[in-house]
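Okay, got some structures for you below.
In the two complexes that follow, chain A is the common piece, with chain B as its partner first and chain C second.
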Partner chain A sequence: MSSTEQGTSSAAPAEPTTAPESAAAPEVPESFYYVHGKDKVVHKVSAGALQHSALIHGMISNLGYTEEQAKANPFPFENIDGDILQMVVDWCNQHKGKPTPPEDTNLPKQKEKLFDLVLAVNYLEIKELLTYCCKQVAMMVKGKSPEEIREIWMIPTDAEDEAAEKEAKKRAGKEAAGETAAAAGDAK
Partner chain B sequence: MILSKYPYLVQQEILHNMEYSDLFLLSFVSKRMKKLIQSSQMNRFKCIGSIVYQNDRTEQPCVHIPDKPFNKTIIKIVKHKKAKYNFQLNVCGRIIGFRLFTENRNGPYPVASFHPAEKQCVINSIHNHFLNLFGSSVEYHWRVQDFSNYYIPTIPKLQNVSFSLSLYLIRDFAHMRNLENFFSSSPVLKSLKLWTTKSLDPFNPESKFYQTESIEVQQLRHTFPDLLKYFQGKQAFISCGRCKILDLIEFVNKWKSGEGFRKLEYLEMKIVCHDVPENLILNGIGPKYIDATKQPPRHQVPKVNGFAVVQVRGRVIQCRFVGGARQGQMVLIPRIKLNYDFIMSRLQFSIRLSFAMTVNKSQGQTFEKIETIDDCEALWTK
Partner chain C sequence: MPIRLLSLPSKDLQYAINSMDLGDVIALSLCSNRTKNLVKDSKRRIEPIHAEVYGNRIRFNISDFQELQNDWDQDDLDLGDGVDNEFISLDLFDSLINIHRANEIEVWRRPEFAQCDWIVHLLSIFNESMIPRLRISDSCPIEYMNTIKQIIPKCNSLEIIRPCSNDVARKAFLKLAPIAEEVNFEINIFDNDNDISKFLTLNLNSVNFIDFESPFKLELSDLLVSNIDHLSIRIVNITDKELNRFAKLWMKGSHKFYRPKLITLVLKREMDINKEEVLKGIQYEFVEESTHQYRIRRGDGKELSIRIFAYIVDFEFE
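Moving on, here comes the complex of A and B:
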């Protein structure tokens, strides 16, 4: 039986990313899971690739889904944009079961993409990719003046920080006052 | 991209990947950012060890963190030139002009400028910012090294800084009084290297000069400064062509008996030009013989101007300079073990270098390794 399985997997190279993996380890058939982001586009990812993400790994290790169940219940990540999730999935596939290189140069160069990617990666707990991303973010301000850094990272000035703090205090004070007023009203 | 929207751990990781010079600049962006740097990078700052203000005679310090293979430059502080300064920062209440500068090995780092009249204040402000940013676990060193003619450096008044100087008292040196005034008006130095040729009047025995923690002197005929009489610091390295053996004997006996030199932990004496009368010294200072079969005790000099002991063989230890101008060079120090009737620690005395043998008896021999001292031209030109 195992021989037929091996035969089918090598004869059907429909998924180029999974073919070498199943050839290398024929005993355990690769299981797949499905994820989708905000745009509802579903990505099929192997469990081996998903191991990079501590979050998903923790979820699937307790589930024991069959192929059909997995297909019927894709993991929804509503807080991650479709293209960002695509990037993450691609990275996980590329680095499946491989030791990760010390540098990763394929990260997006645009600020906003990188920003979203860091948030997504942090949420999915992909430690190595997070390290690369953080390096990349740090590189953005290398040799920049404080004002340039402020623009790149949108850091508020001291005055803005103070104003925000005052605002927050005011709001908290109002809420507290409202609560006490409500409580007084209840008592009456 | 809004940095403040990241969770703390992500911010910490990002800051962790930044160079010290970039963190220095980032600390000026806002008060809140400075606090974030201080709290998230606390452990990293604890590992810094020391921050060095490196000066030559122009006294425009380059501030760096010593590291291998290259030091990490944080900032350079230079005299104001006509070059454009890109931005100004309020450093501890003082407005200072900055520009960014890129060197081959050293990524872009900031260059601060000062007008000559305000130099002290500018350096002070920047130093206070360092104290505030990097915390109290960092040691600060002010070093002056200049390998040309004699000059007296100015020593700034800075909090929590130790000072290391190299002075060439070789040509045209005739300002003994100035030098003495300089030492009495400066804080006690951490380390001092002297290259001197002429014999001169000694300092006042009470001079603060003798309190320097570690002194290294190179001189053809050891007469000045009279360390063997008045030294009060921890380490002395004397390298000379000749010295008065009787002075040496008197010194050892005083040290041994505890009459003087109580702080002294280590003395190294190299006598290059003539054979040292070993028996005379041994008779003078007490021990009857040297037991060549016994391993001398291992001794590691604490790193003020340090050595690392590489190898101990028989009566000779092989040492490597770990700092200073001769960094990386090897030196051999034979040692005489002293015998006492009472308990006393760390009284080894290294008295002669194997140089002495090679200088006088080297004709016709082949050596695997030789070492020359090029500071002492007179020795080799004869």
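Moving on, here comes the complex of A and C:
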């Protein structure tokens, strides 16, 4: 298993320190966790960066892993492509402990990846990034005609939708008939 | 590279639709029945649709809903400046529409769509049951009125405005007022040959006759034949004596089935109403002296509240 060290910079902890006495307080070492996608490449991410993801935050909040345990048990996200997970990790690191701006200029520009990114971000429950991605999706069709939108977003025509529906019904009917026949066979 | 929009989780899909510009949302709604329903489900908030008739086409003016922060914003909106609001116009023809947006005109075609289908589609995606505002002026040909009535079954407010010939205004009122919840007739076309009583006898919900340049001439007989639930005329020429006679005739109860619920008359500014003259010879009681409201009651128990303030008089029938 290969590994990349993401988010390893000695950035300040997520919680901003405003009171003067807190500067004097002993620094709490930042904890790190590990995630990997479909490509098994492991990314090291700080707990602060991972707070953006409601899913991961929920998973780690009560784990109390030591560094070694976290390293030995990376969170597997087999349904997310490695490069997409990389984008998500980069975004989380860039926005660690910062309020998210109304417009995000750091959002990946690759439109071909946008769809997979939306799915991943939705799965990982990263609300702010999802907002930016959906805006990016909307921007893809700015000023376009219905025909152009249909092409860009691969929207089936009504006839295609009807044909697909018929096909799905037919398939469901066949499956139901197959199950009935199997059940009758079992009964014999 | 294209993406499969409809495969997105429904919540994300709705969020993406909510992030789209108004014109793009309308374009999306025309892609298929599924996308039409998605747009409908997004419950996009818009300002009331404003329809105008130009020749043989109907123009829909649509703009995003403008959240007002305070009264000053309302002033800005009225003045038409300082408000960043996406606004588009759609000219509806049979089988195509011209969409005006971002200083460009595009043509979108749906060969199977007639004008009425475009109207139904646009109202449907914005969850409107009827056109909120329909405006008629000289740009509407008289011979097109019948078609309008056929393709627009109902509207909230019908506005007949200047510039408008007497013929167009008369025809528009007589033809289209019955499809409207409220009519704003903003031109005085009435004279000796063409009196207002024909218009007042129509069985309508609410009509506002408005003309500040040319006051409406109103007689007692006009008020007595009115069949309009809520009638407002501003500004109007009528004498205090006629108002007094109107109240007395109502007292006599000869108009048992008088339909109006409220008549509001706004007189010329320099011609304040003399309440003693209006209530002369009538037994009345104060409803609220501070609001200049008086009540008269007739033998059958029916009541009429008369509110007189400066140059405005309200008759409210209970």
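Here, the second predicted complex is superposed on the first by the 161 of 188 C-alpha atoms of A that agree within 3 Å, B and C clash if a C-alpha of one lies under 4 Å from a C-alpha of the other, contacts with A are read in each partner's own complex, and residues count from 1 in each chain.
Note that in this section a residue touches a chain if its C-beta (ideal position, glycine included) is under 8 Å from a C-beta of that chain, and two chains touch if they have at least 3 such contacts.
The structure displayed is predicted, hence computed values, not measured ones.
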**Prompt:** Which term applies to chain B and chain C once both are placed on chain A by superposition, clash or fit?
**Reply:** clash
**Request:** Have a look at where A:Ala47 lands relative to chain B and chain C in the superposition and call it first, second, both or neither.
**Result:** neither
**Message:** Contacts for A:Glu151 in the overlay, against chain B (first) and chain C (second): which applies, first, second, both or neither?
**Reply:** second
**Request:** Based on the superposed arrangement, let me know which partner A:Val118 touches: chain B (first), chain C (second), both, or neither?
**Result:** both
**Message:** Which partner chains sit in contact with A:Leu55 here, chain B, chain C, both or neither? Use first/second/both/neither.
**Reply:** neither
**Request:** Could you tell me which stretches of chain A are touched by chain B in one complex and by chain C in the other?
**Result:** 111-112, 114-115, 118-119, 122, 130-131, 134-135, 137-146, 149-150, 152-158, 161
**Request:** Over in the complex, which chain A residues touch chain C? Could you list them?
**Result:** 111-112, 114-115, 118-119, 122, 130-131, 133-135, 137-146, 149-158, 161
**Asked** In their complex, what parts of chain C are in touch with chain A?
**Response** 1-9, 11-12, 15-21, 23-24, 27-28, 30-35, 101-102, 106, 108
**Asked** So in the complex, which bits of chain A are touching chain B?
**Response** 111-112, 114-115, 118-119, 122, 130-131, 134-135, 137-147, 149-150, 152-158, 161
**Message:** Show me the residue ranges of chain B that touch chain A in the complex, using the header's touch definition.
**Reply:** 1-7, 9-10, 13-19, 22, 25-26, 28-33, 86-87, 89, 98, 100, 102, 107-109
